[in-house]
Amino acid sequence: MSGPELAAVDGLRVRVGARVLVDGVSLRVLPGRVTALVGPSGSGKTTTALALLGAYPEGARVSGTVSLAGAGGAPIGHVPQHPGTVLNPARRVGVLLRDLARVHGGGPEAVRRALRDAELSEVDGLLRRYPHQLSGGQQQRLVLAQALLTGARVIVADEPTTGQDPATAHRLAALFRRLAARGTGLLLLSHDLALVRESADEVVLLADGRAVRTGPPDEVLCAPARPELPPVRPALRVRPVMVPTQAAPVRLDVTGLTARHPGGAVVLREVGLSLRAGECLALTGRTGSGKTTLGRCLAGLHPRHEGTVLLDGEPLPRSVRRRGRQRLAAVQYVFQDARSAFADHRPVLDQVARAAVRLRGRTPPAAAAEAAALLAELGLDPAKAARPPGGLSGGELQRAALARSLIVGPAVLVCDEITAGLDADTRASILAHLADRRDRAGLALLFVSHDPAAVDALADRVATLADGRLHPASAAHPFGRQGAAPPG
Amino acid sequence: SAPGGTAAADRAPAAATPRRGGRLRALFAGGGADETLDPHRVNLFADAARAKALHDKLADWGPDLAAVPRLATGWEPGPGLDVWTVRLREAAFHDGRPVTAADVLYSYRRIADPKRAFRARASLEPIDLAASRAPDPRTVEFRLNRPCAEFPNILAAFGAYIVPEGTEDFRAPVGSGPFSFVSFEPGRALLLRRFDGYWDGAPHVDELEILAAAEESARANALLAGQAEYAHELAPATARAHASGGRIGIVRLRNSAMQGFVMKTDRPPFDDPRVRQAFFHLVDRQELVDGALSGAGEIGNDLFGKGSQYYPAGLPQRTRDLDRARALLREAGAEGLRITLDTSPVAAGLVEAAGILKDQAARAGLTIEVRVGSKDTYWKDILDGGVLASFRSGAMPIESHISQRLLSTSTTNATHWRRPDFDDLYTQAQSTADPVARTALYERMQRRLFEEGGLLVWGFADWIVGHAPRLRGVAADAPANTLDWARFDKVWLA
Amino acid sequence: MTATPRGWVRRRLLLGAGQVAAVPVLVFVLTEALPGDAAVVAAGDDPDPARIAALRAALRLDRPAVERFADWAGELTHGELGRSLVGGRPVADHLTEALAPTLLLAALTLTLLVPAAVGLGLLAARREGGALDRAVSTVTLAVYAVPEFALGVLLTAVFALRLGWLPPTAVGGIGRQPAALVLPVVVLLARPVCSTARLVRAGLLDAMAAPYAVHALRCGVPPNRVRLGHALPNALAPVVQHLARTAEWLLCGVIVAEALFVVPGLGTVLLDAVAARDVPVVQGLAVLFGTVTVLLNLAADLAARRLAPRTEVAV
Amino acid sequence: MRRYALGLALVAVPLLLALGGPLLVGGPEPRGVSFTAGGGHWLGTDFAGRDVLRQVLLGGRPVVLVAVAATVLGYALALPLALAAALTGRSWVEELLLRPLDVLIAVPALLLVLLVATAVEPGPAGLAVLVGVAAVPDIARVAHAAAVAAASRPVVEALRLHGESWWRIAFGQVARTIRRTLAADAGTRLVGALYLVATAAFLGVGVGPDTADWAVMVDRNRAGLFLQPWAVVVPALLVAGLSTGTNLLFDAALARPGGRAPGAGRRTPGAAA
């Protein structure tokens, strides 16, 4: 059912200074077909995709052709990698959607359909909320809904499932198929190979900005020499036996934690958990189930909660404002949306280093060196990190965000979906690093993730959030109960 | 001299036959939303204009500030000059009641009532109202506390208007003036109608409306655009800008405001007459007139009341003499003196004059420090404060000037000029019936002031009135506050 | 913010009442601090001490300040604003009389100001640093730099005196020639338009550069709609505050314009009252202005909260 | 830098006059008749018969100093307040910081200046302080309104989480985010301050009504606008140049390269449209 191409990139070359971001990439978006763009983090997927939208990095020199001939002037639907940033904080969700609907000649019905397709129809009172009142995954789906509302014939989805639990991700894959069936052409950028396999008709594999292979999924993804596939079970699961978890002291002890949001909506009910030094508790749950909220509670970013949080037996002040340097350093949180956690104007490296200066009393030069080293360890070239956040790829930012928290040497670290936007290798190296810290420095980890592989790889225990309560889940089937749990 | 006479003389140029009818709109700087129509409460020019349109005094001032009979036909002193018999003319109030001696006594007693603290009270002070009587309805016999040769001045005093006996409520005032009341919005407008029964001949215009506009440029613009036919108190610059244009007529009322500086004669450095004389000699009066009045006025000679009765015009005109000034200062050991000069934007030109005096004094080696005070309380502040201050005064008879400001007993003696012998001269003059001898006495008093007085009079400002070309008969020879100033019963719209 | 809007408004109204109460006290203290009193001013250029004393007695100014304030406050509790010291008229009359023209001027000016300022801001923000931007900015700023009185004189000279299109003053009352309002309104508009437009421009430039505006454009929302519907609301919060201040400036008396065009409004009353040390009138105005301000600020803050909803900032 | 050219050109003349002017004039000369042209006076004479050129040369410094001082002071006081109010999560602290200002607001700035200045003869310096303080509530409100949104961004949370100091958060992040709004406000306020001084002088408080001061000149000489326009036009032009120039410089300094709006670090045709 492939008709004339809707959009095409031919021999695209994007250079910033000496650096080549994309090097001679060509791809075509055909009606009724899903083209997937895969490749390691920083390989130029987003850049390529944005080129399709006519957007380029600041001061980039561009060659090659981008043709939107087939799109017939209609806008191209876009689901950016950082959905949080593209939602107007001052307008209610309803206004945002209705406005789009009106522009594209749709009514309330169109809005309702879009919400249903984007798996948002269950979120209660969605239309009256402001974007910042949504969970990461919900925001992502909201942006998807916007893209649907534009009725675009070409949709570019950049990591559309990073914030989604497998079940939802699966449904989204189905949605993409449906869209394709309606004759839409999709360009799908993803690390989620399951998703790609499920939905893509054609896969373009990028590496260092070059298209190394193009073809049907199985061919491209299963061909020999697949550097970007995850090791089935990372070796790092093997842990030194001499540190029996049970013996280790309890670092973090949470009891009766109940959190609510301004509307009064209770998100967490009587949640209790305890973390020993050197232990990793994986936290899973449907999108919108309250994982981030829990993490923010622990980090002191969501003071509107009751219950006690003990750090080494000491009660932890509810708000970051009332936590001294030690405490701030002791409990760290890695934001789900790495992009919006960094200031636009300062080099990422400085911002990472600054944390060490403030919380570990390092001198700026020392901190800078340390930051560079750490970033390198996480597989992020410090040279890249010398750019402001706008100049980094999604995955790079995620690692930078992680580094920013790790550099202060926390005792407890809450990671919120830090592997979502990462290719298998990078993810593996990060997990290795975390595991290492956990085992050597006795770092206690609360690992919020939708990613089964990552969870198996790292977690000692797995717990699942559903309707505000924490359910311990057997490590065997961490995601087993999710079909049952009501979607958030 | 009969008032009509003087008026006619002045109006010679415009002497076309008066035309009857029309509404005359006159602009004055109003007194804000607190204005009242109580004629005894007059304070601003606007008040005076309103009062004289509605009411009459027994006498008023002619161009030379000599009393001119109005409601009074004439006055007869007793032998001791301390009893004066005043005859009233046949005049009626707007409601038809005749003006009687009783009304006169009532009005004067009301003014003199200490509790009310009217401005005119000071002027009536010589009269012993308790003892004064009304032998018949058309005759008033005033008994005075002391001889007072200038008694008629009192009858013409600022604010000494005659109101019907018993009047307390002035919301719709009844008077004997040329116009009768129609409506009044405080701070905005007063509308009056011609009073056909006016004893001095009914006005030519049907209606007179006195409008308030505090801002000078507003008055000028309204006049230029034909929103009014008469605008009081225009700036010299405005006058010069439009004098030639023919869009408006400009009338300069000479000698309307004395401009000067007061020196406190009882405290250093001005307790030394030589320092005062030094100042008399160091000022360049023409520069002051040009700079502070932008030329709209004439230079003074350190005496009050230029052009009015008893003014010693014979005295030589002082001009700047820096050597003389320096010499005097040297004698007085006052070289390089630092003096603070008080001034305030309370009236046009005051602050400018202060600035200019500062420069001029600098040329004589004196340092003057100008202190700009609050305009609201200025006159009170300089009455006893400071040593040197800007000063101005509207026109009044020389006698009033002396009695109010230059006697030991004077209440507003800003120069602190207290000289028993000078007081004696004044008393003597007041009990001298013979005009010639009295003139001589006044001359002696003023020579004394000219030599060593505390008042440096550098000029006399013109009062500038603008009027629409079609408004005829606006008197020119009428200093502010005199009979023909702001007199709307003799003008007409051509 | 923790408070729910309603609770917040209630608290603010209470605070506002406190402020309205505080203002007259402040003003009373200040007026008392002024040199001289109503008696001295009334005496004018005839400051005969005896007369001043008499006036003082007549005006009952010889009593201690606290006592006088207490009396005034007492009357206020009965809804009485007292009587003017100078003319003896009820203060309420003063205010109501002067309020009419002031309200008229303010209303007219504001209704023109908002669209004009926003429009100019939008124009300037179309392309930062572009010819249009520079032109708009330069012109409005140049006008802004011309003070009301100069501008008034200029406009009057041209449109009233040279061309004779408009009456130069409202002397004798606006009722007679409504056209007399044109010039004052224009003069009053001239400067706020610029300052407001500048704020609109600044906010718009930031908002238009924000990712969500770019995204809206990508979603095919027409640029103008993005400007008005997506960027403007985010830009408005400070503008609204500025407008509130402007509205208050207009309501609390625009002395220069009132004097130039003879529109005796609250500003004139205020000036006269201060000059005459007419404490009751000044106090009355203080109460009036206090109330106006509190209400305007409340409205502005409400609007600002609506326009800039806060995420849950960690407390 | 081309984009600075216009602003600089406009600011240069007034600024140079303001700084250098007073050095070029000698002692006072005898007065002429007010509002006359010619007669050895290049720009004619002013309302007090003084040489306008001389007044212009003298009158820049007070204007610039008072206006700048007042504005700077106003911001020095208001900005920390506004930022503190925006950054504190507790609404009662916010009220505590901002409501008292409203009382100040409720006394119209002119009345305030009028009252205080009549009560205590301030002189230029004092007047600058007064004008500055009178502006504090307005600045605080505008700045606060703009800051609230910026202060509740995730970046700020992250900075807190990483122990950033209050000052860095407030000025390095929040104030920086709203700098355009602040610049726009400050730029216009500069002129506002200047004419508040002039109006005060016109009402007889603060600087003397015949001082050499561009703003005061524009006011006092307007009576002679038709006799001798220079006395008004020249100072007015200078002030206009000053204000327009400063603001354009602000604009130029804050302009994004090429005036293009980068969409989250990405260039977009859409944003340039």
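Per-chain numbering from 1; labels A, B, C and D assigned in written order.
FYI, a contact is a pair of C-beta atoms (placed from the backbone, for glycine too) under 8 Å apart; a residue touches a chain by one contact, two chains touch by 3 or more.
None of these values were measured; they are calculated from a predicted model.
Our note on geometry: subunit A versus subunit D, Cα centroid distance of 47 Å, whole angstroms.
Subunit C has its Cα centroid 51 Å from the Cα centroid of subunit A. Centre-to-centre separation between subunit B and subunit D, using Cα means, comes to 46 Å. One inter-chain figure worth recording: subunit C and subunit D are separated by 19 Å, centre to centre, where each centre is the mean of the chain's CA atoms. Shared interface positions of subunit B, i.e. residues touching 2 or more other chains, are given as 217, 374-376. Residue positions of subunit A touching 2 or more other chains: 53, 55, 85-86, 89-90, 300-301, 303, 319-321.
Touching two or more other chains at once are residues 2, 34-35, 153, 211, 213-215, 218, 234, 308, 311-312, 314-315 of subunit C.
Chain contacts in this assembly follow no simple pattern; the graph is neither a line, a ring, a star nor complete. In summary, the structure contains touching chain pairs A-C, A-D, B-C, B-D, C-D.
By the touch criterion stated above, subunit A contacts subunit D in their complex at residues 50, 53-58, 60, 82, 84-86, 89-90, 299-301, 303, 319-321, 325, 328-329, 332-333, 335, 337, 339-345, 354-355, 358-359, 388-391, 404-405, 408.
If you check the complex, the residues on subunit B that touch subunit C are 25, 27, 32-36, 43, 114-117, 119, 121-122, 185-189, 209, 211-215, 217-218, 221-222, 224-225, 227-228, 346, 374-377, 379-381, 383, 393, 411-412. Residue ranges on subunit D touching subunit C, taken from their complex, read 3, 6, 87, 89-91, 94-95, 99, 102-103, 105-108, 110-112, 114-116, 118-120, 138, 141-146, 148-149, 151-154, 156-157, 160, 177-178, 180-181, 183-185, 187-189, 191-192, 195, 198-199, 202-203, 215, 218-219, 222, 225-226, 232, 236, 239-244, 247-248, 251-252, 255-256, 259, 261-264, 266, 268, 270-273. Of all residues in subunit B, those touching subunit D in their complex are 216-217, 235-238, 240-241, 284, 287, 290-292, 294-295, 344-345, 351-352, 355-356, 359, 362, 370, 372, 374-376. The residues of subunit C lying in touch with subunit A in their complex are 2, 211-216, 218-222, 225, 229-230, 233-234, 307-309, 311-312, 314-315.
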